[in-house]
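Two complexes follow with chain A in common, the first pairing it with chain B and the second with chain C.
What follows is the complex of A and B.
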């Protein structure tokens, strides 16, 4: 295992790591030590063999009994306790600290009286769910594999797709108490070494007791924690990860989680989906434009409607005047209350739907969507138009392929609703202006967040608002900071002669 | 946190003050049609049609119309007086039609429109029309099948516009023509038919300067007038008598649709008064001609000559009427001012417009005659 902890500033920790406690030669001492080290935990199992001269030690909840049978007992039965010490699958260790660590990984330790060395066998049991398509990032065509909660399987899924020795994986442990294994994956020769270094340094600086999910890591290493926008691409799809690695991004994976983090991210990266590349490029472009349009609807539509009925109703088209008027005429509350009520109801239904088991979740959907929606209009609390507006807004916010961006959008609706209800169109203009300023000045790992729009980089628009045919994408996008710019030369040499038959 | 100490104050100052300017759409009384009449003692009387809607959870709500009139010294003064008769306040920023009473229009219409030009919220796209008689009667009509009088009038005017009986007029469009000496305008002239309880489009009210001259161009002549102005709607149909005697029957008429017009205006400024030559070239389709035999070039030529003669005569009548009423609806003055500024400066256009010589020549060409001969 290659550790990327450099020497600078971390000496205290280094010292703690290097501390070794050698084993005693007395079996009894050793056993007592381990039992105490595990605070007499009941799942630390001792198998006393040879009338007490040898002991097999393991944490019952971490090992696979069958593996113990194959790895240890089979050779042991054949060779006996003297010969077994020479078996090559076992590893001799005499450092107690190290032994504890290995026991916690699911190894079993074989100790003999009179020897300070203990023999460790790899008997880890693994419970893995199968590689399935992630529920929150489904695609119509293309790969249906998704990451699982096991780091090695996840890296295997990536390695399978990039058969290249330049794919570098480095491990580190995060969480002072949980010791969660974290992997940084990048493509040497494409990814910018400065970027890789930046990610590693920031990871190294994390000093927290426990790291449960990539969400923790993201919050520690992102540039602007006080921004509502996500600054690392978050995916459970190996194909998406691979595509981003190929562009020169750096991926961070952690043990026990199926989410992969990738940096640097830009705003528009959250609007790309593998589906764009699996379908024809016209379709991909069209769908991407619709998604970007949904951004405007998701954050601006309720605000726009509120300022129209609250301030500027002269802009309502002639033929809509009476329908709108008749819809809102007898509503008891001002439009801002209407909007907030509806938005909050939708959020409640959504949140309730996530937590509940599927059959109950569906019931909630029906009760919420139909009953509340219909009854609230009949009761005169909310107008028909407001329901249309808020429902459209909710749908638009779910169009975004990334869940993080989707929640951000729904959150941003609120300040704009308040601004529009107090200042009308002027308020919306102010709100949008602030948003634009914020987006333009943000950075993610050294990449401008709103690139390629601000700063404008015309060449990269090819894969931002639209998706050009793949053979036109000869260079990697600048926002991933790759050191190798070219992706291909001429991929369609056969077109040169003007004959398609070749 | 100390630096955020004042933020609640600043935020409430910024946000809460905004609420004061709210104009809740649900709290206004919508005026979609309004009209102004002349009243006694130099006063004006405004009539507004307020559309009240009762919401229902399914389908469109039910509508009720409230017609309120009040007199006052000025249009805005009448507004105050109307507000005293209704609940809440009325709002005319969604006004669709503004009707002007004949008597009021004869005086000066600018004072009635002044408030619309000043208020940024007013709907300058509202259509204008002159009503023969009282506006109040027109707005009080209940036309069967037409729940909203505003919809009825705008629909009628839009229809007339498409059939080239009416130029596009609204409050905004007449603004410059109202204030400019070299160009006058026309407005649709409507009369109330109390028997059938409908409004009728009679023709184009001719304006001179800022006031209605008191005469209107009948609807039959409006098409030719507009074509002479260079305006054509979706279609421009004209039915003209060709041949026949004093007792014409249906076979003596032809209906054509003018598809294209080329207009050429030239000024001869050699004399003391400028001479205007108006050359019009029309290309038309025959829509209706029962006698048939349109396959022969000779016959077509004959017809063309006949129509040309007819139209030229009619054009002269139209010009005569315009000069009589001192209405420069063709905008000849504006052209003269643009192309011959020296001549324009010497002239008192308002006085001398009626005396200048305007000579129309019309060439008519039949291009097609439908799918039968």
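What follows is the complex of A and C.
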């Protein structure tokens, strides 16, 4: 019932959007209408020309004066107002609603008395920051370009990398009041049409007044909102976007944001970085393994340590018993309190350092890390070993290339610490088991989230745990649901020929 | 979940579900139980049990392939009519609940004895039961994925046991064949108890891809795998401890790992125990799945999670009533052993006989009339 009603509401809304209000032939009427429509906003400029017979209308804050000069005044001076109506590059429009929309985009409108048509000239000003490497996704080798906050430039960055007519871009407007432009980008013939349809329907279903960032969009279209894990790949890198498009994923970009969202995502997608492919495959594999190992450290190490000192002291080999024992003997608090104190201190330092200017941020790091770390041990609040464990955990959580996943990991540490402090190893086992069940039951746009491990696709392990040489990766990973499986035929034919000739 | 419920599991997943269900609580005490019954010839009992199970598997297959789209609860009424069929279904439901309770208390006692002497049993019971509930509420496909994934732990367990091979004495296996035959059969009964999960075949069969013959093959491979794995465990325990020693160690596998000291960690047995918990959780979940699937189908309900929750709570309460003291556990184990002989061995054989003779005859006669 509810859905029926809402769909009715949507229809009404669309109808209202399609309504047209024609211009009148009287110049005065038209101008008053637009001034009223903008509620006498002061940056709506009127330039009255030829003693009031013609008017140029624009929103001052959106246009580029130089462009007005070139696009409008130059031809106007040469031809005069009658001629310009016939031959100019301007677009004739007589629908008031449409004209308002175009004015808001930074076009300027030229109106003459006695005509319902207005001429629109494209004079949008663009303030763009230059294309720079994103700060949070730096790579050592490879492309150093990053998305900016302008949708067209971002799509240009993608198009430049895929010169193929099969790359499809579809636009949509999101946010009932902000009318934010959103683009869905995919590669026809590779991306699964069902997936594309799914992304588009979910985007269309969003009915909210304003959309600011992709974070908004993500929360509306992801499958499991009540899960700590991110379910869409976030990136500011065009090369990463292109690689994912080529695997058959669908990208969502929005105006005013430099982040691109991609679906479907799997757990392991957050552990990949373009660097893996820029370096030699041995190194790439090694770094991947280190990253996945960091996952285990980040969520499990404090819990493991707590359960050892709290429950299973026998696990420590005999040579290590005395140092550990002497370190924790003097501490007044139980290990769980120690761990929680340390984890929270590290979170405080991190959060304090993020938004401060760089020099102050460094000071916080030194004061927080060195001074507190040293003093807290001397004061007997936290043991040496706990500092090592928690510091290692924090470092491990930052190894993940994706910021979202990193925060998720640090959040997951807490329940595991509590479980291990109450039940020891048994607690850890149940914590991990629950985590595994949670990961396995999640799906992102129809792809199992924990693929290719559960369900197991042996073929796709080639690009998750390890990275094989590129010429070995003949098929696209199944988790992107591509309809074109093959990526290449034999690329190293010369090698085989060479052998034969020997 | 609604989407995944309709999908069938692959044969690889089928294999691992069977393996994970068959291996469970029993693996730690199996060598001791075998030894108590059949002394150093316990491994013969194990092989005997495995062959018996293979026979039962073929019998189950003959029954199940007559009803390719129905699981046990669905075809019982078709075989025996609504009343008797439903009575049998209820009996099976209670049987599965009993096994769940048994798993829960055996696991509780093991943890109580071995690592958590002060933790109250109810906490451990609730933790395991609700992990199982969470698992089965995700549907068979997700269960299959997880069972496949956690099977990697079996490889780790295998390598941990390989460490113990340094200290074995093959001579402990001698003399072979000295145990009287009745004792060996008694050992086989104990072995069957440790390998019970094969009854899940009835529930998985209609949800698995592949031709009937392929599915029978996969099932047989699973049984073979479990047998070989158990055989290895039994072999290591029997040769590590002498015939007289083993009578004093109820959990020989843990004891023999306790003695191993690696350079990085000591007490490997604690790690084995942790991995064993996963194995217990998987077999518990399968039984819980079968129980709640059964009761959901009986009531033709569209809300399986309600019945699953009901079953879970029943199991926890029942296990708390039995408790983890020595005496009630032993009598409960005895009870479940006897009941299992009926429901897991005699019943599948009877079902097969009934299906291939009377049911087929009746159906042919009815078809002939129409």
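Going forward, the second predicted complex is superposed on the first by the 485 of 502 C-alpha atoms of A that agree within 3 Å, B and C clash if a C-alpha of one lies under 4 Å from a C-alpha of the other, contacts with A are read in each partner's own complex, and residues count from 1 in each chain.
Here is the rule we go by: a residue touches a chain if its C-beta (ideal position, glycine included) is under 8 Å from a C-beta of that chain, and two chains touch if they have at least 3 such contacts.
Since we're looking at a predicted model, the values are computed, not measured.
Asker: Just to be sure I read the superposition right, which of the two partners does A:440 touch: chain B = first, chain C = second, or both, or neither?
Answerer: second
Asker: Decide which partner touches more residues of chain A, taking chain B and chain C as the two options.
Answerer: B
Asker: Identify the partner contact of A:318: answer first if only chain B is touched, second if only chain C is, both if each is, neither if none is.
Answerer: Both partners, chain B and chain C.
Asker: Applying the document's definition of touch, where does A:448 land relative to chain B and chain C: first, second, both, or neither?
Answerer: second
Asker: Would you check which partner chain A:428 touches, where first means chain B only, second means chain C only, and both and neither mean what they say?
Answerer: Second partner only, chain C.
Asker: A:456 in the overlay: touching chain B, chain C, both, or neither? Say first, second, both or neither.
Answerer: second
Asker: Have a look at where A:492 lands relative to chain B and chain C in the superposition and call it first, second, both or neither.
Answerer: neither
Asker: So, does A:309 touch the first partner chain B, the second partner chain C, both, or neither?
Answerer: A:309 contacts chain B only, not chain C.
Asker: On chain A, which stretch or stretches are contacted by chain B in one complex as well as by chain C in the other?
Answerer: In chain A, residues 311, 314, 316, 318, 423-424 are touched by chain B and also by chain C.
Asker: Note which residues of chain A are touching chain C in the complex, please.
Answerer: My answer: residues 311-312, 314-318, 423-426, 428-430, 433-434, 436-437, 440-441, 448, 450, 453-456.
Asker: Would you mind writing out the residues of chain A in touch with chain B in their complex?
Answerer: Counting only chain A, the residues touching chain B are 308-311, 313-314, 316, 318, 321-331, 334-335, 374, 377-378, 380, 383-384, 418-419, 421-424, 427.
Asker: Given the complex with chain A, which residues does chain B contribute to the contact?
Answerer: Residues of chain B touching chain A: 14-19, 21-26, 28, 30, 32, 51, 53-57, 60-61, 63, 93-94, 96, 121, 123, 148.
Asker: Looking at the complex, which residues from chain C come into contact with chain A?
Answerer: The touching residues are 1, 10, 12-13, 111, 115-116, 119, 123-124, 127-128, 131, 134-135, 138-139, 142, 144-146, 148-150, 261-267, 270-271, 273-275, 277-278, 281.
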